[in-house]
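You will see subunit A twice below: alongside subunit B first, and alongside subunit C after that.
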Partner chain A sequence: MSAMRRPRWATRERLAPVVAGLVLMAIWEIWVRATLPDFVARPSGIVMAIPSTVASLEFWFDVAATLGSILEGVIIGSAVGVLIGVAMGRVREIDWFLSTYIRALYALPLVALVPIVILWVGYQPAARLIIVIISVFLPVAVTTADGTRAINKDYLDVGMMFGARTRDVWFGIALPSAMPFIVAGIELGFARGITNAIAVEVLASVKGMGMSVFTKSNELNENASLVYVVCLAIFAVGVRAGMIRFRHWLAPWYRGSH
Partner chain B sequence: MNGDARLVVENASLRYGALDVLSALSLTVGEREIVSIVGPSGCGKTTLLRCVGGLNQLNGGEIRIDGQRVEKPLPIVSMVFQHFGLFPWKNLWSNIAYGLALKHTPKDEIERRVSAAIELVGLKGFEKSYPHQLSGGMQQRAGLARALVMEPKLLLMDEPFSAIDAQTREQLQFELLRIWDQRPTAMMFVTHSIDEAVLMGDRVVVLAGRPSHVRAVRTVKLPRPRERSVVASSAFIELREQVWHDLFDQPAGNGARVQQ
Partner chain C sequence: MAQHQSFESRLARFRLVNAWWIRPACYAVSIVVLLAVWQAFGHSFGVLFVPFTETMRRLWAMLQSGPLLPGLLVSSKLYFVTLLINIVLGVGLGLALARIKLFAAAFEPYIYILYATPTISLVPFVSVIFGFEFGSRVLVSVLISIFPVLLGTLEGARSIPRQHLDVAAIFGSSEAQLWRDVIVPYVTPFAMSGIKQSIALSMVGTLVAEFFLNPDGLAAVLLQGTTIVDSGWVLAVTVFIAAIAVVLVGIGELIERYLVRWRQQAVG
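Now for the complex of A and B:
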């Protein structure tokens, strides 16, 4: 291979997913047109449904309600998760008390908690927020605990040698050195938060993007329903890209898998 | 020995479980003296240094610095670490200012002392760089500056140049000697290199045996400031031979305790 071919190869690598997407949508489009009734969603129908969906006030209310609730939940859940996580990572006794329950909840599908949360707060947006907060809190607490427990011993020696007090170790050494772990926890929490926010909307009839996916679909307006799905997908992809940048900004020294 | 002893280690003993690491070990370091500690790997020389730093505790005996018993790290002692120990999330300036910032030193004083330390170790222009952007040699310069900026009365060096490539190591050895000539202080220099021990030290303490004890103390009568030419002198070569024999010869009557 000559050196000239390299950039072309790189471009082809980037084009591959685009081509795959186009082929899949073409198959979808042809399949639906050939074999299924008109109201079944197809790519051209989704594109045509974008203007009318996006023009409605209801759409923007849904977006604001769902994404706003997710962002709020992520911020609260991360903050609480980091504090509890550092305490668990640095104080063995706190870890003894909490670890079992936090790890058990972490392994549990949180959708199972939705009925209980509805009992507490009713069929309200607060139910969604609570579930998102728990969804984010658990992975952030677990990764923060693991990250602050596994500090490079050299850093602790340096801290001791230069007179660091407990709080200097917690917030000056443990927390920054665990930053890549914490961001990984937030990223995981974000993904779970999105999933569970949608689940709460559907299970508890809380107004938002997830509920609209179902109501539009029930009204046989499948194309509009899928506009919401596409928007959620774009949000999820954007969150992932944002988290990678966030980690790079917070922990430029860390060379992770991407 | 010149001046009074700044550091006194008396009858130090240390065990890890059933393993005796140090026993009845005594040594001193004068106010303006560099004492090199050499010994085979695993002999406990780094552990001894950490005890002097207050990072580890002895099981018996006593360590005093300026008459103060060491039970935890003392503010008049600084350490330079084998793997540098720089915080990757702080730039060089903040890494070097770390000890002063912990003590809530006034801003302008930090500014002044950190700038001077950075100048001293030749890192001017790299204040804003992060450790992962720098070579090992430059990182250890920063480690040295972080220790020196505290103006310690005793400087502990834990194999500071062993993780650095050979050429940079030689360069740093002579720079450390130059810095020491400018502001001489008590220094305990742990190394596994006999050459380095002789080059740096006013005295070389040879640890050996199981558990480790002081097998020999050699006084280094090489002139200061030490120039590069000193390593070719017959005095240097002779001392290096002596220390080599101290380390590797079987002492008569004690052979059973030393593994081959």
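Now for the complex of A and C:
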């Protein structure tokens, strides 16, 4: 009887998140209405704030500034990370030489680098770009080095037999076979880059989405602030999902860590 | 071409013969180069960049009679509370989600969304509701650093082989026995590798919470140096934080090494 009324795609597992989401939203809405001041963000308020927020020019400037800077940083950071990573993976002396710096920087929470970067480049968008580049460069260099170090000996032997030069080995054999590692590194760096870009915006008062989350909130425009948060979340989740899909397409056998 | 090959082979021979000292030499050279460059450039940028020796002198002075140790004390409290909550709540929630399937199906998407969302952007919302005090700091810090423990435990609990649970059921184990003999031993290494990551990540959480909710602890000390444009101050504190971070990562690696040995013994 119930099977007839419920369509086949509506399994318990698929309905559960929808129901849970609605319940969470309802609790949030009722709780804020019942116990907290009127300006505190709640789901209905956020939905109502979407048109006016998205219609403003300022919103699109913020989106362009933040996402543009993150993308630029990801591209530069990945390129530098891959180059240095291949060198580290193929020449172990370079690996040993650079690993001191890279391990120390990798251990350090990058938020702690923001003040010194602000001191050097000022309260400028360049500070955000530099931090994003470092955020992406580190994991990409490490994963590229891991990937190119562990290439199959047979590939190298065949390469040698056909007279491969060093640069053929680096960019023709090592790099392609390390591709899934590199993508995993970019994935991790991208996520950190988004977080750290927002950290710089807030600490250095650089205009962008993260900064607006805080300024809107200070103006007691909490719902608009949350619209920015939702956009950032959509971007972050989208990037993650996209990178995972790209990696599966590139190398179905590789299972990265989260 | 021939010359190219002979260079490669000569290099290979050199590496083979001198293998015992090349590695420590590389480490030593890298540190010497770093310090030399730092020292040399330190003099040429004036107030924006102070030399290595000056940084160390400042660090020493700040350790003896400065804000560094009081700041560290404040930060440590937040750090250890965060880590404790991550372990207790992360393992607990992970196990609960693994045991109650519908629960997991319902909430997993939201856990991943929360994980991907930059936590810093949630700070204003958190502070409007919970204020700027210790509780809010703990919440922000935990939101940044709990996920490796939670997701690691969940993954471990899910990967318990069906046969283990079946055998336990056939021998009529009670729920308590099932936990003691099957679930806990199986999940422990997974949870521990999450905890290992969380040891380092809790420090990130601590700093972020201190930076963005009315500055406090080491983060406040760091920001103070930026406000008064004192690069010696900022560099000294950054080096201090880096040293702590390296120690925490080292502790995590020790735990992992211990775990690997423990796992090998358990299997073999």
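We take it that the second predicted complex is superposed on the first by the 232 of 258 C-alpha atoms of A that agree within 3 Å, B and C clash if a C-alpha of one lies under 4 Å from a C-alpha of the other, contacts with A are read in each partner's own complex, and residues count from 1 in each chain.
Keep this in mind: a residue touches a chain if its C-beta (ideal position, glycine included) is under 8 Å from a C-beta of that chain, and two chains touch if they have at least 3 such contacts.
Note that the structure is a prediction, hence the values are computed from the model and not measured.
Peer 1: Figure out whether A:Ile194 sits in contact with subunit B (first) or subunit C (second), or with both, or with neither.
Peer 2: After superposition on chain A, A:Ile194 lies in contact with subunit C alone.
Peer 1: Contacts for A:Met161 in the overlay, against subunit B (first) and subunit C (second): which applies, first, second, both or neither?
Peer 2: first
Peer 1: Figure out whether A:Ser177 sits in contact with subunit B (first) or subunit C (second), or with both, or with neither.
Peer 2: Only subunit B is touched by A:Ser177; subunit C is not.
Peer 1: Which partner reaches more residues of subunit A, subunit B or subunit C?
Peer 2: C
Peer 1: Which holds for A:Pro252: it touches subunit B only (first), subunit C only (second), both, or neither?
Peer 2: A:Pro252 sits against subunit B, while subunit C stays out of touch.
Peer 1: Pick one for A:Phe97: touches subunit B only (first), subunit C only (second), both, or neither.
Peer 2: Only subunit C is touched by A:Phe97; subunit B is not.
Peer 1: So which positions on subunit A get touched by both subunit B and subunit C?
Peer 2: 163, 165
Peer 1: Show me the residue ranges of subunit C that touch subunit A in the complex, using the header's touch definition.
Peer 2: Result: residues 1, 4, 8, 22-23, 26-27, 29-31, 34, 48-49, 102, 105-110, 112-113, 116-125, 128-129, 151, 200, 203-204, 207-208, 211-212, 219, 222-223, 225-226, 229, 231, 234-235, 238, 241-242, 245-246, 248-249 of subunit C touch subunit A.
Peer 1: For subunit A, which residues are in contact with subunit B within the complex?
Peer 2: 154-155, 157-158, 160-165, 168, 173, 176-177, 179, 251-254
Peer 1: So in the complex, which bits of subunit B are touching subunit A?
Peer 2: Listed in rising order, the residues are 50, 53-55, 72-73, 75, 77-79, 81, 83-85, 87-89, 98-99, 102-103, 130-132, 146, 150.
Peer 1: Along subunit A, where are the residues that touch subunit C in the complex?
Peer 2: My answer: residues 12-13, 16-17, 19-21, 24, 36, 40-41, 93, 96-101, 103-104, 106-109, 111-113, 115-116, 118-120, 163, 165-166, 191, 194-195, 198-199, 202-203, 209-210, 213-214, 216-218, 222, 225-226, 228-229, 232-233, 236-237, 240, 258.
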